[in-house]
Each structure stands twice: as C-alpha cells, then as structure tokens.
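Pasting the structures here.
Here chain A shows up in two complexes: once beside chain B, once beside chain C.
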Partner chain A sequence: MTRPDLSQPRAAAPGTGGTVLEVDDLHVEFRTRSGVVNAVNGVSYRLAERETLAILGESGSGKSVSAQAIMGILDTPPAVITGGGIWFEGRDLLQQSEEEQRKVRGPGISMIFQDALSSLNPVYSVGYQIGEMFRAHRGMSKKDAKKRAVELMDRVRIPGAGARVNDYPHQFSGGMRQRVMIAMAIALDPRVLIADEPTTALDVTVQAQVMDLLKDLQRETGMGLILITHDLGVVNEVADNVAVMYAGRIVERGTVDDVFANPAHPYTDGLMSSVPQVEAKGGRLLPIAGQPPNLAAIPSGCPFHPRCSRRRLGAAATPGRECATDLPPLRLVVPGREAACHYSEEVLGV
Partner chain B sequence: MSESTTGATAASGALRGAIGETLLEVRDLQKHFPLTQGVLFKRTVGHVRAVDGVNLTMHRGETVGLVGESGCGKSTVSKLLVALEKPTAGSILYKGRDVAKMGGRALKEYRREVQIIFQDPYASLNPRMTVGDIVAEGWSVHADVAPKKGRLQRTQELLDRVGLNPDYVNRYPHQFSGGQRQRIGIARALALRPEIIVCDEPVSALDVSVQAQVVNLLEDLQDEFGLSYLFIAHDLSVVRHISDRVAVMYLGSIVEEGTDEQVYTAPSHPYTQALLSSVPLHEPHLRGQKDRILLQGDVPSPADPPSGCRFRTRCWKAQDICAQEAPALVDRGQGHPSACHFAEARTVVPVDVE
Partner chain C sequence: MTDQQQADLRHDEVEAGTTTGLASPSVDATDARQNSLWSDAWKDLKRNPLFWIGGLLMLVFLAMALLPQVFARGVDPRECSLSNSQQKPSAGHWFGFDQQGCDYLANVVYGARNSLIIGVLAVLVVLLLGVVVGAIAGFYGGLTDSLLSRITDIFYALPLVLGALVVLRTGTLGRGVTAVAIALALFGWMTAMRLVRSQVIAVKSSDYVAAARAMGASNGRILVRHILPNAIAPVLVYTTITIGVLIAAEATLTFLGVGLQRPAISWGLQIEAGQSLLRTAPHLVLFPSIVLTLTVMAFIMMGDALRDALDPRQRA
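For the complex of A and B:
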C-alpha cells in the first residue's frame, strides 16, 4: 500500500519514483447565462507511482470536472480554470501552451470514460482507432500500428484479437468496448491513468472483470491510477487512498482502510450509513437529509452544513468554528487523515 | 417444493409480521418478440425469447426482489405484470383470476390495483403537466377512487405523504431534483390506492444519499398501506435490503428463488454464486476474503438461447446433461428452489460478524 508522503518535493522528474501527478489548489468555474457555477473550489492532491487514488463523490461534486481539467478536455468556454496548478513531470501544465500540453499529456496521462460506446468513433474499426495512438504520437506506419493494436487487444484480454481488430465498436459488448478504451489508454504506457466511472454502465459480473484488468495492468506498468466513482464498494476493493468530494471540495482524505473503518467527516459518515451492503440485510438505512447543493449557490460556511446532523450554529458553536459562517479548511485530524470539518475529532471519537 | 417454499416464506413473513394471502401468481410466463426482415413484406425470421418461463408468487404485504443483469428480461416481466404487454404463453393469476381472460371492468380494476414506478424520473413524468395534474391524472379514468370535490386536497395530502411540499402542486417536473421526481412518481402510483406496486429500478438513477431516502419512503408506505412490491433492480445490495424474497433471473427465466437469507448466504445456482461474488464489499476487513468467481464470455443472445440449461455456456459445472435437459426450478435439497442439475449451496459473500 502506498501513501502519499506529504513531505516530499512536488512532482518529481520521471523515473525517480514517488509523486507522478500533483493537483494544486485547482479552481474551475462554469460561466453560464444563468450565473457562475463553481464546480471545483480548491482541490489539491498528489498521486504516487503504483498508487490507486479514488475520488469519491455524488453527481455535481466536481469529481469529473477536476479530472477533465487535468486532461485539458474541459469545454472552454463555458468552463474556465480560474486558479491553481497541475504538475506533471516537474512542470505546471496550466502554464504551458496547448501544443506543449498535448505533447506531455498524450503519452503521459490518459483517461477512460463511463460510456465506452459514445467515446468510440462508430465509423472506424477498433483496430484503426487503437492504432491511431501509434500513428499520431510515434509516427508508425498503418501496418505496424495495426500490429501493435492486435498486441494491445490481446493484453486487455479481448478474445480472438487478431480476428476482431477490423470489427467496429457496435459489434462489441459493453465490457469489450471498455476493454478497447483501456487498450487505447495504455497504448503509450502512460504514467497516469484517469478512470472516470469506468464500470458504472456495466453489469456487475463484467464490472469485476474490468476492475481486475485495470489492477493487473497497473501492477505490470506501475502507473498511477485515479479512479473516479460514486461506488463505495469499488473504492474499498480497488483503491489505496480515497479523497471524498462534496460541492467542489475535498472534504476527507486518507487510506481506504482508515476512512472506511472510521470516517472523520459527517458527509463520509452519512454516505456509509445510507448505502445498503450485500454482506448483511441490515436495519433501516440512515439517509443524508436534503439534496446535494446547487453549485451556483453553494451554502455559506461549510457547504455541507444544511444537511449535517452534527452542525453547530450560533452560540452552540466554538468561536471561529460556526458551521454556517466559517468555511472549515481541509486539515490534518489524526496522522494520515485530513478532513474539512470543524468538529472532525468528535466525528472520529478521538 | 411447495412445502419447503411456503415454509420459508412463512418464516420470513414472521420477521416482518405482515405477509398475508397470495395476491399474484405468475405461471410459466413467456413473452417472445418477433424478429422481422424486409420492409414491405415483413417476414418473421425468429423470436427474441425475452421472458421464457417465469414463475413467481406474491403475497400481500410482501416485497419480492427480482435481480438480473441487463437483457435478462426483468423489465419485460414488469411490463407484462402491469398489462402493458400481452404474454405469449403462460398466465398471470391475480386473486385467482387470469388477467389475460379479464375483460372491460375487471381489467380496468386490475390496472388500478397494480401500479408501476419507473427507473428514469426524467422521462416518466410529462414535462408539460403540473405535479398536481400528474398525480391526479389516474382519477380521470378511475373516478370512483377520489370524489371530484376533494381532489386538490387529496393530491396535496399525497405530496405531503411522499415528502414533498404540498404547496408545490402547481410546479412542473423540471423544477424538481431526481429524488423529488421519483417521489412524484410514487405519489402518482399511490393515488389509485393500489395493492401491488411494480418498482422497475426505482432508485438506480439516483445519487446514493438520495437513494436511501426513497428506499425508506417505500418501506414506510408499505407498512402504512399494506402494499406489496415487486422490486426489480440490478443492485444486489439494495435488493437484499428491501426484499423478503428474491428471485434471480438469467436470460429470460428464473434460476434461483428463496428468502433473502437463503439466496444471499447459501446461493446454490452457479449464476447466483458468480453474481454475488462480483459485488464489491464495503468492509475493509472483509476484502480479499471473498471467493471470486469470474465468468467467462458474454450472455448469449435471447434470440438463440443455448439448448438445455441457459447458463451452461458460461458454467464451470456444465456436463452433457446440461445441454440436453433444461433443469426445472425445484428444491434440490438446499431448502429453496434452484434451476441447476448440480445445485450445491456455497458461501460466496463473507458474513459480516461485526
């Protein structure tokens, strides 16, 4: 298990081990006709080699937008990166020209998406699309690229790769399409793979196969994996560390074992008791009250306070830690664990 | 078979304490959709056997969970139950009467008593109707359920009951979030005082924190009105939580059935075992203790299902008999019915002792 060492220097050069990607105080907003939507409000994290970092959150928590900012695939406008840095191989990607960014991202950072069918081009064969990586970035001939495509399809365990290389996306099942996406993503041996809800659209038996494949590939290549998901079970089974997001901020971070055993933020705690488990029938579910926040009008103070059962308002609060007015920073609560709650010690029971 | 299943049902019934007489009995239900070729002269070239021999029993006040992966026919079952589709063969007996033989008034009554909630709360509400009109729409057909005079008040009571502000009666669906819209769908189903509500993936489209709110609401309404649910979902955790009995479906037929305890702790059909072993667990200390069964290949096409046992093409236990003879859904010594020639109980989900 790898835990990011918070004392080490930022974004080391390739091959030195340690941190491969660092996101530093990232801010993204969407400027729409009906107002400014604050999707990401100061997100920072580091990803180490061989580490699997899960970003856990519900829809609208900013988990996908922050990943899209790393990949440079935000629609701008309306999206605008208003602050922060994305450090990869010793450089801040946000300070570079688009051409330079593309050269770095192409082979270095890749991404797979939830919906494999709409991510693939329906009018080109899968072999052509996988081979495109080699033609565009390595300048290979069509013939060589196709040969490499077959090898990759073998590597992601698509049965009969040689025969299927000329098939089109619609001829593949959902799980096989996701494998094609993975083949494209790992084609150039990236150091970072971002998987945005890679198994959400898949059936549970296929989901297990795809997650297994991702873990095996990570063992082989040593790449860092950012897994964006809303599924607590997937996080528990696959990730080393987890960052929980709410309203565009990270509200809790730590190892999966620690966070799942004893959450330090009331939102994490609420998520865990609102989800039924397959291991036991369990008693009544304890849902989180209310609705996820509107990002165009994020509540003052702690964004979670309107839904929080532990909030302290007015005179009940410690001065400077009033939940409706004071925004709690992400702070170290106990060694190896950060949480953005004024009263995390109480939540933890320490 | 009948003795052991009724015994098991009675046992689970004692836990909830509210399970009564048989309301609905589905016998060997089949639905085949024709595959056609040609534009002018459509020829039938085959059939998609979406539902192919489903047996189910529902009692009053009971929740029956129906799980299966996409394409297994679970949504077609729900459409057959609410009489949106006509079965190709087999029968649905409601309070002892065959739905296919019901005419005019009896069918109308059946349609009132068996309501449905859909998966997608965005697509299942008419965007041009106010919430009040949506909830009250059923009364224009079933006028005797609510007297004309008190309808507005009754609508507001229903909204209040499902946890929505009664003052929102004149708002439109787009003004609500996903969870709230699903509550509108529930209020619409409740408006006709049904006996059975078919819930077709009612929480799959919702965020996890909102899912629990809707599941709890469904449980409360069941206790209050003595409703029976057919709860169709692909999420095995949610199904275990809410169901008294669970049926597992694969490629058009039910492969295993029992109380939630029987199916989850002692699954005896290989498909149920594989399905359960794929569900990610939530407890860090249970990680790695699971007996993982990885299935090979994909689900065969329901237009051309394998002979004999449907699951044999992906089954590690398959032998010659599996290709020749379709196994019946009967108790094979596990205490609950399983459609496998080599049924054998096996623990795949570690028991959480905490």
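For the complex of A and C:
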C-alpha cells in the first residue's frame, strides 16, 4: 500500500460538499501483559458531508476502537495508535498536539454512546450538562447556556423541555437520555457525528424514533454520520454506505443496497444468512460456524478462513491466493464495491 | 421508581414519537438561571432536618468559641479556690469544680475556642492535602501516582503522635493552636488521600468521563467538574468523623508535654487531666466528653446531609 502524500490536504474544509473525515490506514494495538492485541489493522475510509456510513461488525471487530481513536478517548496505555492518519479539515489529527485535538472534539467531531445513562454525569442536571458545551467551548454565561440547552432539548424533541431542563439523568427514560446525549453531541454543530451503537440499549419502537431523529438532524445540518452497529436492520434503514469489519480490518465496502442484496465477501454473506427472515418462518437460522478470532492471535492468511465455507487451501487454491497463507487485500471487485476476499467474484456470482 | 414516574416516562416516549417536525422552543421564563450543583444541593439541604440540627449545634459551639463570657455566665475560668477542689455539680455551678477548684462550666466553655480551632483547622488541612494529592495521583496515574503514593506510605509509616511530637519538639512552628493543628494534619491526611485516590480511579473510567473527553473537555475541567463531584462523598464523611479524633489527639500530645500548655484551656487538656480522677470526680471527664461528642455529632450530621445533597440520586 502506498503512503498518501501528507503535504496535500486530504479532507476538504466544511461547506465544500466534499470529504469531511478521512481515516487512513489506521492501526491500533493494545499492549497487555499477556501479549499484543491487534484491534485495528489498517482501516481506511472516507466520510462525505451528508453521508451516513455504517460500520458493521461483531464484538471485537475493532469498530468501536477505531471510533475511539478518532475521538482520542482510547485508554493509553494499554492502547497505542501505531500507524495511520485521521484527516479532518485538511489536517492529520494524530500529528497535532493534544490541545489542538481537544479543540476539534465537540465543535468538529462529536460522539454519542451506547449507554446514555452511564454517559451522563449523575450529579448535574441535563440542562447544565448540555449548557456546559456552550460554556466550555463558547464561553457563554450560565443564563444564555441554559436558554440554548432548552432550545436544543426542544430540537431533539424532549417533551416539556423548559420544565425538564433542571431534571437529572436518572429521572429520564432510556430514549429521553439518548436524546439528551444527542443534544450535547450536536450542540456545537459538528461536521461529523459518530454514533457508537446509539440504539442498542433501547427497545425497538424507541430505536426507530432515535434513528429518525438522527436522520432529521443530519438533513438539517449536513453533518456526516458514522453509525457503528451490529444491527443489520438499522444499517439497512438509515445508512448510505456500509463498511463491514472483521478482525480489525474492513472486509467489504459498498452502498447498503448493493452489499445487502449481493454480498461480495463470505463473512458478509454469512451475516445476511444469519438474520431471521419473515418468509423463512419455521426454518432454522444459519449461524456462521466457529468463534470470532482472538485478536492476540489472528489466523494467518485471510483472518476469516477458519470459519469460511468457501475457503481454498493447498492445491485447491489459485497460486498466490491460498486462503490460509495469503492475506487478501481490500480490492475493487465491481464498480462501487470493494471486498477483501481472493474469490469475491465467485461469492458475487459474476 | 414509582408507577406514576414510570407512566410519566412512557408518556414522554409516546409524545416524542408523535411530535411532527421540530417543536418550537418553550423556554421556561420563570427560572432563567442555570441550576448548578451547589444551588441544587442547597435546595436539598434546606429540607434536611439533619442539616438543621447539626447546623444549630454548630452555631451554639461557634457562639461559645466567640463569646465564652456569655455562656460561662460571667465566671472567670482562672479564678480558682482550692477549697472547692473536685466539688460535684450544683445549682450554682452546673458542672462543679475541677481539681484546682476552678468553675468547670467556665472551663469547658472557654475550651471550645481552642478545641474547635484545632479540630476544624486540622481537618481543613487534611481535606486540602487529601483531595489535592489524591486527585492528582488518581487522575494522572503512572509515575506520578507511584511517586505520590510512596510519599503517602512514608507518612503512613510514621505514627501520628510520634510525627507530631517530632514536629512540635523542633519548635519551628511554635507551640500554639495553629502549630498543633498543622502538626496533627501533617500526619493525618493519608487516609483522606487514599480515599480520594481510589474514588478518582473508579470514577475516571466511567462512561461520562469518556463522553466529556469526547466532547472536548480539558483535563482540568474533567477532573474538577466531572470526577471530583462524584468522588468527594466518602472523604467528606471521613473528615467530619476525623474532627473528633483530631480534637482528642490534641489531648494525647498534651499528655506527652508537646501539645497545648497550661494555662491554655482545651477539652483535650480537661479530659486528660480528669482521667486520673475518674473514680473520685467522674464529672471532670464527663462534661468535656459530652461537649466533644456533641461537636463531633454536629459535624457528622452536617457531613451526612452534605453528602446526600451532593448526590442527586439520594434526593427526594
């Protein structure tokens, strides 16, 4: 893989309609006493304005870790970013001082978390916490910040915002807490919002409301949205593009419609088959065989090969494309679709 | 959570789901001021009877320290007559007389000032040292933590009385009330530090700290605004209890001849002097002990009320 030309601004400035965030060959490892865990192994993606990019993967696939690396909230140590770049507004965040990075977080890139209750400080009222964004970043007075907090709570459709602004997080329901989180995250009109499993802790009807809210806010502000999830249904409904992660790598990337209709990687194919289908009522679900890989000992070759039904080993494989020894690169399979499998064409059936 | 609250929450969800478009701002005009941690805590404190009882007791002792003449009914504590030695309490002399034949009520009342100053001053120093050192060690971790924790261990290894004895013997601080308070605090802050440190470490890894970081909060803001308010409760309770221990420890120093010296008057001195006469004149230990206990109780009640008020989940 060739190194990008670092002298050129990569991600365009906001308002130009181009790329707002670019992650380039990101590597993250956790150095633990029992060895090195390779959590993210060369992840690259671009996010455009108004785009919703879903990052799909099972637990331990590195999807949350890559987001935490962008937000600078990895616990270091044990986590170490060993390579790559995170480009925002023409600058590589990883090359900047901690203070400069901090100024990007909030007004530039913001994040919402899975568990809104534990993500809100229990000792402050929600209005105070939302208002803190304005006080800390804009130097607003307490009175003005509170007024803005009420406006934001209205904007994320919290009923009776004016009356509830002094309530505490534990006095809100799960869906309302997630709205408070969203209000905090969008307070400073960020160009990029990362949502790390924003609906996993919510029940299904509330999930839909929260996702609708996120989409509406995106339409208003034009922000790019990175949606980290393992929920195929949510991806199908709200995302434009999807990147499927496995063992710290992106194994398939394309538009949601294409990828869902016709996967190019056996892992994606397995994911689709494991979803319950209304038409197939009474039939058995098809799980992916085996266990997710141990990131401290990722299998050689294609990391997915021990679980892959289409693997070709030894003499059965095309030379240079042996699944147990040769690591397949992420390559363009058909226009608009990339996959990291030696035999993607076969999987696609083209 | 009550059924009514549950119903309210469900109502919220339904209402949020049915709202079409983005609602117009409904700013509450009646209360434009931003509620802070402390203003909400104060609202809660006002409703807490523990706070009022503790506060009242504290005011009484504070008044006693400021205007001892009034509480001593104009009697001079140093006007003694050996003929009255160890007399039991009577209608004219509520607390009786001590061994030197001095009015004991006047002595106990005049002791409030020194004892309170020592207790409160020492505890403030303990709180300051404990919170600052503990927070820095817990928050920054690594080498900073190791260094500060080992320094704390060194102080732990020195017994309170021995340490204070050495400091007071060198004489650089003098032998007054401030010197005794500082000497006591210097060798009594370690538990507070350990408490704060462990709480900070526990709170540091919570999601809301990560969230605050992701929203661009600086280290200082995260420590002061997000971690400390959630980490302070145990140390508040600990320090309120410690006030009594410190007031009593002053007595030990006096016994060893390095604390306050007569003619200074303090509860510690009185309890110490009364101990040897416990069988013949128990009131000499009883009265200063009662006021000391009431003082400690007042602080504990205030500490408890404050802890509850600072935790929104405890609020009614």
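Criterion: the second predicted complex is superposed on the first by the 337 of 350 C-alpha atoms of A that agree within 3 Å, B and C clash if a C-alpha of one lies under 4 Å from a C-alpha of the other, contacts with A are read in each partner's own complex, and residues count from 1 in each chain.
FYI, a contact is a pair of C-beta atoms (placed from the backbone, for glycine too) under 8 Å apart; a residue touches a chain by one contact, two chains touch by 3 or more.
A quick note: this is a predicted structure, and the numbers were derived from the prediction, not measured.
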item	value
Which superposed partner A:Ser173 touches (first chain B, second chain C, both, neither)	both
First, second, both or neither for A:Asp154, with chain B first and chain C second	second
Touching partner for A:Glu89 - first (chain B), second (chain C), both, neither	neither
Touching partner for A:Asp326 - first (chain B), second (chain C), both, neither	neither
Touching partner for A:Lys143 - first (chain B), second (chain C), both, neither	second
More chain A residues in contact [chain B versus chain C]	C
Chain B versus chain C as contact partner of A:Thr205, first or second or both or neither	both
Which superposed partner A:Leu232 touches (first chain B, second chain C, both, neither)	first
Partner chain(s) touched by A:Val256 [first = chain B, second = chain C, both, neither]	first
Set of chain A residues, in rising order, touched by both chain B and chain C	173, 175-176, 205, 209
Touching residues (chain side chain A, partner chain C) in the complex	71-73, 75, 102-107, 110-111, 113, 115, 118-125, 127-128, 131-133, 136-137, 142-143, 145-147, 150-151, 154-155, 157-163, 165-166, 168, 170-173, 175-176, 179, 181, 184-185, 205-206, 209, 216
Contact footprint of chain A on chain B as seen in their complex	69-70, 177, 179-180, 207-213, 215-216, 219, 234, 236-238, 240-242, 260-261, 264, 274-287, 292, 294-295, 298, 349-352
Parts of chain C lying in touch with chain A, wherever the complex brings them together	5, 9-13, 15-17, 19, 22-28, 31-37, 40, 205-208, 210-218, 221, 225-226, 229-230, 310-313
Of chain A, residues touching chain B in the complex	58-59, 173, 175-176, 203-205, 207-209, 211-212, 230-234, 236-238, 256-257, 260-261, 270-272, 274-282, 284-288, 291-292
